[in-house]
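Report on the following structure.
Letters are used for the chains, namely A, B, C, D, E and F, taken in the order the chains are written, and counting of residues starts over at 1 for each.
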Amino acid sequence: MAEADDLLARGREVTRKLWGDRAGAPDLPAARLAPEFFGLVTQFCFGMFWSRPGLDTRSRSLCTVAQLAALGKTDELKGHLYGALNLGITREELVEVLMQTACYAGVPAAVTALNAAADVLAPPK
Amino acid sequence: MAEADDLLARGREVTRKLWGDRAGAPDLPAARLAPEFFGLVTQFCFGMFWSRPGLDTRSRSLCTVAQLAALGKTDELKGHLYGALNLGITREELVEVLMQTACYAGVPAAVTALNAAADVLAPPK
Amino acid sequence: MAEADDLLARGREVTRKLWGDRAGAPDLPAARLAPEFFGLVTQFCFGMFWSRPGLDTRSRSLCTVAQLAALGKTDELKGHLYGALNLGITREELVEVLMQTACYAGVPAAVTALNAAADVLAPPK
Amino acid sequence: MAEADDLLARGREVTRKLWGDRAGAPDLPAARLAPEFFGLVTQFCFGMFWSRPGLDTRSRSLCTVAQLAALGKTDELKGHLYGALNLGITREELVEVLMQTACYAGVPAAVTALNAAADVLAPPK
Amino acid sequence: MAEADDLLARGREVTRKLWGDRAGAPDLPAARLAPEFFGLVTQFCFGMFWSRPGLDTRSRSLCTVAQLAALGKTDELKGHLYGALNLGITREELVEVLMQTACYAGVPAAVTALNAAADVLAPPK
Amino acid sequence: MAEADDLLARGREVTRKLWGDRAGAPDLPAARLAPEFFGLVTQFCFGMFWSRPGLDTRSRSLCTVAQLAALGKTDELKGHLYGALNLGITREELVEVLMQTACYAGVPAAVTALNAAADVLAPPK
C-alpha cells in the first residue's frame, strides 16, 4: 500500500500528461471555496485509478470523455477534451464519441456535449 | 445519403462483430412487445453511428461500456461486455473501465456495474 | 385555497379513474414502512396537480408514462401503464411512447421501459 | 424497409410541422462542429419514430416536452415548446405539463423547466 | 387531516425560518409563468414534509443540500445554502457536505456544486 | 499530506463505526471481480472525506442516505441505512429522510427508496 505522497506524485504524473503546466491548480470558484479539494481529487482519481496499469491512458481518456458527455457534465467535459487532444487523440475521434452518445444517453445529451465541445474542438485557424 | 437497406446491412455488419449469430434477435420481453424496435436500433445505433469511419470499433465499444456503467443500465452493460470480449478487449481492461467509473459517476455506480459484470467477466474455469 | 380534506377527495377522484378500487392502498413494502406516505402523495400529486383544469387526464397520463420511462422508474411505470389502459389509451399508443423514449433518454432507457411494460401491455389471450 | 432518402423525407415532413422553415438547420455550435449530426437526427428521431402511425403528433409532442423537462434538457425543451405551440397545443396546457413534472422528477426539475419556458410561453403583448 | 390553509400556514412557518421575509415570493421567471406553482410547493414540500415532527429542521436542511448537489440542481442549491446558513449551519459544514458528494455522485457533481456555492459560502469580508 | 497507510487506517476507523466487524469485506460479486476496489473505496471515501473534521459523522451519514435515495442506488442505500442505525440515528428519522426525497427527486425515487428500506428499517419483533 503506497504512501499518500506517492498517490499525489503518481496522480500528478497523469495530470501533467493531460494538461501540462495548467494541471492541478484549476482557476475555479470551487478551488477558492475548498482549497484542499483538488489535491484530494488528484490523489484518488489520478493517483488511485488512472495510474493503474491494466488500461492505457488513451482508453481512459476516451472513456472519461464518453461518461462526462453521457452525464451532461459540460465543464469537466471541456477540460477532458483538452486533455484528450494533448494525448494525441484527434478532433475527429472525439466528435465521433460525442455523436455516438445520442444512442446511449439520448439526442439532447449529445447536442449538449457537442455544443460544449465546439470551442475546444474547432479546427485551429 | 445511403438507403435504409444499407443502414440495416451496415448495422448488421457491426452487430455480427459484437455478438456473432446472437445479434439482432435479442430474447427479451421488449422484442416480443415491440417487434420492430430492435431492427430500428440496428439501423440507427449501429448503421448510422458505429459504422462511421472516424473512430475504431474497439474505442466505440469501450466508450459504450463506460457510458452504460455511468448511466446504471446494467442489462445493456452485460450485452456490451460480451461484445467487447468478442472484439478482443481483455477482462482486465474492462474491469479498469468499470472501476474508474467511481471517479465520474460515483462509487455506487461503479459497484452496481461491477456487480452486474461479475458473471460476464469471471475468468473461465 | 381548498381544504386538505378537499385535496384528498379531489386526489381520490383522479386515482379512482386510474386504478378503480385498487387505488390508494398499494400493497408495497413502502406502504408498511411509511403508512402516511401514500395519503400525502394522493393529496399533492393527484389532488394538487392532476386535478387542475388546464390539461385533460389523458394527456397527463401519457406525459407521466413518458417521464417514468425516461427516468427508469419501472415500478411506477407499470402502475401508470395500467392506469393509462383504464383511461382508454391503447396498447399501441403506449408502446409508441416507450419506443420514442430512445430518442430523448437513449436506447437503454427505452429497452428497460419496454421490458417492464411487456406483461402489462401484452395482448389479452 | 424504406430507403434512407425516405427516412429523411419523412423526418422533414415532421420537423416542418414543428418548426416550419427553421427546421433542420439549427444555428448551434454543435451543427458547426458536427455538420452531419442533425441530418442523422432528422432521419432517426423524426423519420423512424415520430412518423410512425400508432400515435398522433400532438401526443408525441406532449410526451417529448414532458421527458425533456424531467431530464433537465432545457435547450431542447425550448425548441420543443416552440414546436408544440406550432401544433396548436396551448400555453396553459404546456405550463400544466411542466408543473406536474414536480411529482415525478422533483420540484427542482419543474422549476428549471418553468424558468427555461418563461420566454417561450410568455403571453404575446 | 389538516386543512390546506393549515398546510400553507405550516409551510410558511418553515420557509420563514429558512429565508425570512424573502420566502414565498421568489423572483424567478417560473413564478411569472406559473404564479400558483410556488404556493403549491410551499404547501406540499414545506407544509406536508418539512413540518413533520420526526426529524429536526437542521437535518432536513443538510439532507436537502446533499440531494440538490447530487442531482446537479444548482439554482435550488444556492437557495437552500442561504437557508442553511440562516438556520445556523456553518460554512465549513456545508463545504464538507458538497465535497463528500464526490464519493456518491462523482467528482464532476461535487465540482459543479462547489462552483455554484462559492458566492453564497464565501466568507464575509 | 498523510500516508496511504494512514488513509486506510483512518478509513477503517470510520467503517468500523458504521458496520462493525462486517466492514471492509463486502460479500458482493464486485468484490470477487475487482478485489482491490473496496480497499481503494475505504481509502478515499472514508479515509479522505468522511474522516475530515469539519462535519460530524451523524450528519455525514444522513447526507449519504439522502443522496443514495435521490440517486436510486438501492443496494448502497441499504448498507448505509444499517450504518446509520449503528450510529444511533432512529428508524423514524431515516423514514423522514426518505419520504422528503419526494420533494427533490420525485415521488418514484422516494417510493423506490422506501421499498428498499422496508426490511432494514422494519421494527424488530
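Note that a residue touches a chain if its C-beta (ideal position, glycine included) is under 8 Å from a C-beta of that chain, and two chains touch if they have at least 3 such contacts.
Everything numeric in this text was worked out from a predicted model, so none of it was measured.
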item	value
Smallest number of contact steps required from chain A to reach chain C	1
Given chain A and chain E, the chains that contact each of them	B, C, D, F
Longest centre-to-centre distance from chain A, chain (CA-based)	C
Pair of chains joined by more contacts [C-beta pairs], C-D or A-D	C-D
Centroid comparison with chain D (C-alpha atoms), farthest chain	F
Inter-chain centre distance, chain D versus chain F - centres from mean C-alpha coordinates, in Å	39
Gap in Å, rounded to a whole number, between the CA centres of chain F and chain A	28
Length of the line joining the C-alpha centres of chain B and chain C, rounded to whole Å	31
Sequence positions of chain C contacting 2 or more other chains	40, 44-45, 49, 68, 71-73, 76, 95, 99, 102-109
In the complex, chain E residues that touch chain C	1-8, 39-40, 43-44, 48-49
Chain A-touching residues of chain B, taken from the complex the two chains share	44-45, 49-50, 52, 54-55, 59-60, 62-71, 73, 76, 92-93, 95-97, 99-105
Chain F to chain D touching residues, read off their complex	102-109
Chain B to chain C touching residues, read off their complex	28-30, 32-34, 37, 40-41, 45, 68, 71-73, 75-76
Chain A-facing residues of chain E, complex	72, 95, 98-99, 102, 106-112, 114-115, 117-119, 121-122
